[in-house]
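Take a look at the structures below.
Common to both upcoming complexes is chain A, partnered first by chain B, then by chain C.
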Partner chain A sequence: MNLLINPLKSVLIAALVSAPMVALAETPEEKGMAISVESKKRDLGWQDMQAEMNMVLRNKQGQESIREIRMKSLEINGDGDKSLSVFDKPRDVKGTAFLSFSHPVGADDQWLYLPALKRVKRIASRNKSGPFMGSEFAYEDLSSFEVEKYTYKYLRDDACEGGTCFVVEQYPVDKNSGYTRRLVWLDQSEYRIWKIDFFDRKNSPLKTLTYHDYQQYLGKHWRSDLMKMVNHQTGKSTDLSWKSYQFKTGLSDKDFNKNSLKRAR
Partner chain B sequence: MRKPSTLFKTGLTAGLLAALPVQAETYFEASGKVAAELRGFTQDAQFSGQDHDSNLSFYVEPEFFWEWNDGDDSLTFTPYLRVDENDSERTHADIRELSWVHVGEDWELRTGIRKVFWGVTEFQHLVDVINQTDGVDDFDGEDKLGQPMVNLSLVRDWGIVDLFLLPGFRERTFTGTEGRLRGGLVVDTDSAEYESSAEEKHLDTAIRWSHTLGDFDLGAYWFHGTNRDPELSVRTQSGNTVLVPRYVQMDQLGFDLQATLDSWLWKVETIWRDTEKEEYFAAQAGFEYTFYGIQDSNADLGVLLEYGWDERGEDASSNVQNDLFFGGRITLNDASSTELLAGIGHDLDFDGQSLIVEASRRYGDNWKVSIDGRFFSADDPRDLASALDKDDHLQFTIERYF
Partner chain C sequence: MRDRLFRFVLNHPIWVILLTIVLVFGAASGAKNLVFKSDYRVFFSDENPQLTAFESMQRIYSKSDNVAFIISPPEGKVFTPRTLGAIQELTEEAWQVPYSTRVDSITNFQHTWSEEDDMIVEDLVLDSTTLTDADMPRLQEIALNEPMLLNKLISPQAHVTVLNVTVQLPGINPVVEVPEVVAKARDMRAQFLEKYPDMEVRLSGMVMMNNTFAESSLNDNATLVPIMFGVVLLGMIFLLRTFSGTFATVIVIMFSIAGTMGLAGWTGFFLTGPSASTPIMVLTLAVADCVHILTTMFYEMRQGVEKKKAIQDSLKINFQPIFLTSVTTAVGFLSLNFSDSPPFRDLGNMVAMGVMLAFVFSVTIFPAMLKLLPIKVAAISDEDRNDLMHKLGKVVISKRKVLLPGMAVVMASLVLFTPQNELNDDFVKYFDTSVPFRQATDYMQDNLSGMTTMEISIESGEASGINKPEFLKAVGDLTDWLRAQPETDHVNSITDTIKRLNKNMHSDDDSYYTLPQERELSAQYLLLYEMSLPYGLDLNNQLNVDKSSTRLIGTFKNMTSTEQIDLEAKIYNWFAENAPQYKAEVASTSLMFAHIGQRNISSMLIGTSVALLLISVMLGLALRSVRYGFISLIPNLAPAVMGFGLWFLIDGQVGLALSVVAGMTLGIVVDDTVHFLSKYLYARRERGKDSQQAVRYAFASVGRALWVTTLVLVAGFMVLAQSSFKLNADMGLLTALTILIALIVDFLFLPPLLMNLDNGDKVADTTEDNDADSSNNLENKGDTHEPANQPA
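After this line comes the complex of A and B, so read on.
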C-alpha cells in the first residue's frame, strides 16, 4: 500500500479518514476490479478510431510472414465496440473483411466478407482462443477490453517500464477463453498496460505480451505503437505495430453494417 | 460477350460523368492473380472428342480500382481471361466487374457489371440467382459471369433492401466438344433460344430484403425475368446431334436463413419457381458444427451435413433432387493458412456418389498452391451426373498474387 502514488493515494487517505471501515475492507478482488474500472474509464470517449496494423509473424527458425490490416472501430455506450477490419496482406486474402459487434458478456456477432465469391458469411464467434491469421495473437487478445469479461485480484505493486505498476490477476468469465488467467501490469499514473502474462488452460505459462512506444492522442487516449507477443511453448512470436491512428473522424453505425462490409476493401 | 443494352450503357456513362473526380484526390490500386492449373484424369474419356487424359490451363484476373470523393465513389474493373490447352470453349474472356459505386447517407447505388451472391448453404447455391454460371470455368457452378445491373441498396432499421434492374442477359457457358466434364451431347451455345421476344435484352428485375435479428440472418426476394438455367433439348443440326439451350421467363421467390448458435450454424435455403410449363419448390438445408482447437492444437474441424430436395423428383432438370451431402473441413490456423476440405454427395434416388477433396496452403507471401481431387460414381444413365462417371481427376493449381 505504501507504494501507491499521488492521486490514488490521496483518495485512499481521504477515504481512510472519512470512512475507514470501507477502505480497510477493500479486498484484493475489489481493488483489482477498481483498477480495471479506472483503466477503462480513463479511455472512454474516443468515439471512433481508425488505424493500420502491421503484423510480423516469426517462427522458431526466424522465418517471417507479414499481415497488413486496416481497422475502424466505433465506441458504443453500454455495449461492446463495433469494428471493421480489412486485410491487405497476404495478398491471397486481400479484400477479405471482418465485421464484429462485440458484447461484454455472451457471444459477439461476426461476419466475414469473401471477395472472390462476393459472399458475406455470418461466422460463429465461439472461437475466441484461436489464432488470429496464424499469429500468436488469439482473437480474444485483440477484442476490446470490457470490465465484465474478467474477475480480478490485485496482487502487488511492481516496478515496470511505465514507472510503478499495479499487478492484477484477471480470470476470464467466458468458458471458451483459452486462458485460466492473465497477469497484467498497469502503471499507476496513467493506467496503461505494459505487460501481460498469459496462462493456458492447464495454468502453464503460455505467452507474454509487452507494450512499447505509447503515444497520447487528443490529450487523453494512450495507444501503444508496438505490441510484442512471445509464445514460450512454441518459440514463435508476433510483433504487432500500429500506425496512422485517427480519432473522432465521424464514423457512425452506418459504417458498420453488411453493406459497408462488402465495399470495405 | 454480349453487349449490355444501349439504355444501360447510356445510364452508366451519364452516371460516371456526373461522378467523375473533380479534385485530384483519386486513389488508384492494381492487384490480381495469375494461375496455372493442371488436371490429370484417371480414366479414358467417355465421349468422342475428349481425347486427352491431362489438361493444362492458365488464367489471369487483374483488378483495377479507383476511389474518389473520400471513398464515396469508386470504380472497379476486373477482366478475366482463361486459356485452355484442349477446350476452345473453355478458352474465354469475361468482364467479371466493371462497376461504379456511389455511397450516400443510408443508400448505395451500384451501377455496371457486377457479381452478387445470395445464400448460406455450402453444397448447393439454390437462392443465388442474379449471375449466370460460368460453366466452362469449373463444373461446380461456383464461377459466375459478370451481370450488368443497376442496384440501389437502402439501409433501414428493419433491414437492407436491394432493388435490381438487370439489363442484358448472359448466356451460360458450356464445355465444348474437346472438353471433359460434360454431358454426352455438346451444347450448341450459338443456337440459344428465348421465350421472350426481347431475347437477351429482356429487362429482369429483383427485390431482396435481408436482415439480422440477434442470432438469425435472413433474406427473402422476388426475381422476375430470364431463368439462368436453360432448358436443353436434343436437336440435329447439319448432321450433328446437339443440345440447344432455351431460356424461359420465370418468377422466383427465395428465402434463406442462418441461425448462428454457439458452434452451430443452421442453414436453410428454399425457392419457389414459376415458369411457362412448371411451378415447383426446392430446398437445401443443413448444419455446420465446428470443433475448435482439436487435440489441444490450433486446428479446427468443421463437420457439415446438408440435404437437397426438389419437388419434381427424378424428373428434375437440376442435379440435386434428393441428395445428401456430408463434409469435413480442417483448418490448421497456421501461418500458411493450410486447409483441407472433403465433401461427399450421395444421390438417394439414383444411388450415385461424388467425392471432392481440396487441400490448399500459402507459400511465401504471394503464392498459393491447391490440390483438388474429384471422383464420381454414377452408373444410372437417368442420373445427370452419370456423364461425369469417367471424369475422375486430380487438379493441381498454383496461383501467384500481385
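After this line comes the complex of A and C, so read on.
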C-alpha cells in the first residue's frame, strides 16, 4: 500500500504545486508581452475612425504655434494602420494632405499632396524618428500600436491616474527608431496607456508623454482627448488635443490612396 | 591693545600656533566646496545685454554649444570609401555623447533630390559599405556645391572635414556636465585613432573651450604655484640669509592661501579662469609683510638686542605700515567689484581677503614661530649692502636737472601710446598656442572656418511669415551681402534650403534654384522637407516654433573686437537701409566677448577712480599733508597709464583682463610712494634737512627695502605671466611691468620732482611740521629696518 500511495501522493503534490509554478515561471519578458497583446486585443475592431486634431507647440521661450489637422484612419489587420491627414492650419499649408501606410517594422509608405504645386510627392526617407510637423511628437509616437514593433519587459506595478498600472518597458525593433526604450504605464482594468517615458539613443531621458481625459466610444474603444508631450532636453512641449471622434463611418481602402489624397480637402 | 597682542603672542607662542592651525584648518576645509565652473558664460553678469540677447535667442532656436571633431584623413582626401565609412561610424557614435541633441557631418547631411515625382531626402552617405571609388567624384561635387557644408563641414580642397555635435547641457551641475562630454569626446577620438591610426582628429567647439578654462587654470596652479614657492624660497634665502625666517614665511603664505581658498569655499565662491589665479597673487602679496618684519628684527638683533625684544620691536615698528599697505592693496583689489565680469569681482574679493589674512598671520603666528625657531644673525654690514642705494641717491640728486625733464618726456611719451592700444577679446586667443584647444581651433580656422560667429535673428512679424516671398528675398539678399564681405567664411541660411527644395520640386532643374514667388509654395516645400527629416536634424536651429522668425548664422575669419563691433553695426545698418520693416537682432558668444572689454573698461574706470579716491584719502591722512597727498597722485597714477603705453609696444591689444590691472596695481604701487615720501618727510620735518639731504636719507633708509619687495612682486607676477591662460598671463605681465615702472618713477622721477618743488624751502610744510605727532605717524608708516629709522 505504502508503495502505491507514495507515488500517487507525489504525483498529486506535483500537480498541485506545478499549477502555480507555471504562472510563476512567466518571465518579465513574457508578462510584458502578454500585457501588450491584451492591450492591443481590447482595442481591435474599431474598423475606421475620423477625428479633429489640434496641436499647440511651445518653445522654451514660451512662444506658441498652432496646427489643426483632420484625420481619418483605417484599421488593417496584420499590418500597421492607414491614415490620411488634412492640414487646416497654419494657413499657408491649408489643404496639404498626408497619406501614410504604417508598417510595424521598416519604413512607412508616405505621400504628401501639395496644393500649391498641385502634385503628390512621395516622401522617401527614414524619418520614423523625425518630428511630425515640427512638434515634439515623432511619427513613431503617432502611428498605430503593433505588438511586433517592440520587445517587452514587465517591470513592476505602480499607482497611476488610471488606478494601478503595469509598468512595461518596450524596446523598439526598428533600428531607425529614435529610442533605445520606452517606459509605459498601462492601467490594469482597461489596459489604457497613461504615461510613456522615452529614452533617446544614448539612453538618456528624452520626453514624457501623458494621456488625459479618456472617453470610451462604442462601449469599447478608449481614446484620450488630450496628450501632452514634454521634451526634457530642449524644454519644448506639444499639447495634442482631439475632438469629434467618429468610428465605423464606412471608410475603405479606396479612401486611402494617392487619388483620394488629391481629393481630400 | 596692540602691545598686549604682541606680548601674548610672544609669551604663548605654542597656543597662538595651535589656535591658528585649528582656525586655518577649519577655514581650509571649506575648500572642498570650491569647484571650478567651466562655462564661458561666467564671464558675463546676468544683466549683461549681449548675454541676455544671446540667451533669449538660444531659447527661441536651439542652443549652439558644441563639440567639433576636425578630421584630417591621409593624403588629404576626405572622399574615399574608407574615410567616409570612418566618418559615418563616428557620426553614429556621436549620438552617444552625453546631452547630444544633434549631430552634423558630411555623411548624415540631408541630401535632397528628385526622382520622377518623388522627393528623396536621405543621408548623403547612407551605407558606406556599398560605396566604391566611382561614387567619390559625385559625392565630392555634391558636398562642395552645398553652401551648408562648404567651409563649415568640408574644406574647399576636400581635405579636412568637421563633425559637429550639438549638446544641450542641462546646466544643473556644470561642474560635471562639461567634463562628462569632454571625456566621451576624447574617448571617441582615442578609439577612432586606434582604428584609423593614419588619420588626425582634433577637438574644438564651445564645450572644449569651456573645459579648457578649467584645465588650463588647474594646470597653472599645479605648475606655477610651486614655481612661485621656489622663487620665494630661493629669493628669501639668498637675500635675507635665513632658513627659519624663510620657513616661517612659507607657513604664513600657505596659511594665507589655504584660509583664503577655504573661506571662499565656505562663502559660496566658485573658481573661474581669472579667480583661479588667487593663490599665486596671495602668495606674492603675502611675502612683503614677512620681509618687513624679518628685516627689522634682524637689524635689531645685529644691534645686540635679544631675540624676543627684537621681534617685539619689529612688530611695534611695522604694525601700522604693513596694516596700511595691506589695506590699500585690499582696497585696490576690491575695486574689481566694479568690473562687469563676475570672475574678476571674485578675484578681487578673494585676493583682498587673502591680503588681510596674510596681515593677520604676519602679526600672530609669524612672530610666534620666530620666537620658537632658532635664529642666527649673519654678520653683514648694512652699510655695504646700502652702498648701491647711496650711490643711486647721489646720482639722482646730481642729475636731477636732467632727470626731471627726461623722465617727464619718457613718461609723457609712454602715456601717449596708451590710447593706441586696440580693444580685443578673442576667446580663442585666451589660450596660448601650447593649449590643444587653441591648436585645434587655429587648425580649423586655417582650413575651414573659425569660431567667430554672429547669429542674426530676423522677425517677420507674423506666424509663418518667413514664407512670404518679400521676407525670403530680404533674408536671401542679406545672405548674399554677408557672403560678399571679405571676412565671411560661411553663412548658414534657410534660403539655401528653400532654393534647393524649389529646384528639387522641379526635377532638379538648376534654373529653379531660386526663391519661390508664392508664400504657399515655400510653406509647403518646407513642410514636406521637415516631415522628411530624421530625429535631431530638424529645422529648429534655423526657424522658431511658429515660423515667424529665422536665424542666420555667419562664421567669420578671425576678427578683433573692434572689427566685430564694426561688422555688427554694418549688419544693423544693412537692415536699416534694405529691410527696415523687419526686426533684427545680432548676438553670439563672439560678440559677447567683443563687447565685454569695452563694458569692463567703462566700469573699471569708475572702480579705479573710487579706489584712487579712497587710497588718496588714506595717504593724505597717513602723510598728514594735503600737499604731499596731491604730489603722491603722480607716482601712484602714472605707472598704470605708462604700463598701458608700454603694453602698446609689447602687444597692443587690451581687453577684459587688462582692464582690471589699473585698479589692481594701484593698491600695490602706492606702497612704494608711501614708503619713500614718508621717509623724505621725516627727514625734512624731524631733522630739518633740505630737500636734497632728505632724498639722500630716503634712498638710504628705504631704497633697499623697496627694491627687494618690488623684486618679489615682479617675480611673482612674472611667474603668473607664464600661464598658458592668456587672460592671466597678460594680467600678470602688465601688473609686473606696472609695479616695476612704479619703482622707477619713485626712484628717478619723484625725488627730482620733490627737490624741484621744495627747492629753497629750508623746511617744507611748516604748518604741518608744528605737529610733532605727525612725524611719529609717518615714521611708523614708512619704517622698515634701516639704521636711521630707529627711534633713538
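In this section, the second predicted complex is superposed on the first by the 243 of 265 C-alpha atoms of A that agree within 3 Å, B and C clash if a C-alpha of one lies under 4 Å from a C-alpha of the other, contacts with A are read in each partner's own complex, and residues count from 1 in each chain.
We take it that a residue touches a chain if its C-beta (ideal position, glycine included) is under 8 Å from a C-beta of that chain, and two chains touch if they have at least 3 such contacts.
Remember, predicted model here, so these are calculated numbers, not experimental data.
Asks: With both complexes superposed on chain A, which partner does A:47 reach: first (chain B), second (chain C), both or neither?
Replies: neither
Asks: Looking only at chain A, is it chain B or chain C that touches more of its residues?
Replies: Touching more residues of chain A than the other partner does is C.
Asks: Scan A:117 for contacts with chain B and chain C and give back first, second, both or neither.
Replies: Both chain B and chain C are touched by A:117.
Asks: Looking at A:189, would you say it contacts chain B, chain C, both, or neither? Reply first, second, both or neither.
Replies: So A:189 meets neither chain B nor chain C here.
Asks: Answer with first, second, both or neither: which of chain B and chain C does A:60 touch in the superposed model?
Replies: After superposition on chain A, A:60 lies in contact with chain C alone.
Asks: With both complexes overlaid on chain A, does A:126 touch chain B (first), chain C (second), both or neither?
Replies: In the superposed model, A:126 contacts both chain B and chain C.
Asks: Looking at the overlay, what does A:144 touch: chain B (first), chain C (second), both, or neither?
Replies: Neither chain B nor chain C is touched by A:144.
Asks: Once chain A of both complexes is superposed, is A:204 in touch with chain B (first), chain C (second), both, or neither?
Replies: second
Asks: When the two structures are overlaid on chain A, which partner does A:96 contact: first (chain B), second (chain C), both, or neither?
Replies: second
Asks: Considering only the touch criterion stated at the top, classify A:241 as touching first (chain B), second (chain C), both, or neither.
Replies: In the superposed model, A:241 contacts neither chain B nor chain C.
Asks: Indicate the residue numbers of chain A shared between its chain B interface and its chain C interface, in ascending order.
Replies: The answer is residues 57, 59, 65-66, 90-93, 117, 119-127, 129-131, 134, 176, 178 of chain A.
Asks: What residues of chain A sit close enough to touch chain B in their complex?
Replies: 57, 59, 65-66, 89-94, 107, 109, 117-127, 129-131, 134-135, 176, 178, 254, 257-259, 263, 265
Asks: Taking the complex as given, what residues does chain B use to touch chain A?
Replies: By the definition above, chain B touches chain A via 31, 33, 65, 74, 101, 103, 105-106, 108, 115-117, 119-120, 142, 153, 155, 160, 210, 212, 217, 258, 260, 262-265, 290, 292-293, 298, 300, 333-337, 362, 365-366, 368, 399, 401-402.
Asks: Name, in rising order, each residue of chain A that touches chain C in their complex.
Replies: 57-61, 63-66, 87, 90-93, 96, 98, 110, 112, 114-117, 119-134, 138, 176, 178, 200-202, 204, 233-236
Asks: Write out the stretch or stretches of chain C touching chain A in their complex.
Replies: Within the complex, chain C touches chain A at residues 56, 59-60, 62, 95-101, 115, 117-122, 168, 170, 463-464, 467, 505, 518-525, 527-528, 530-540, 543-547.
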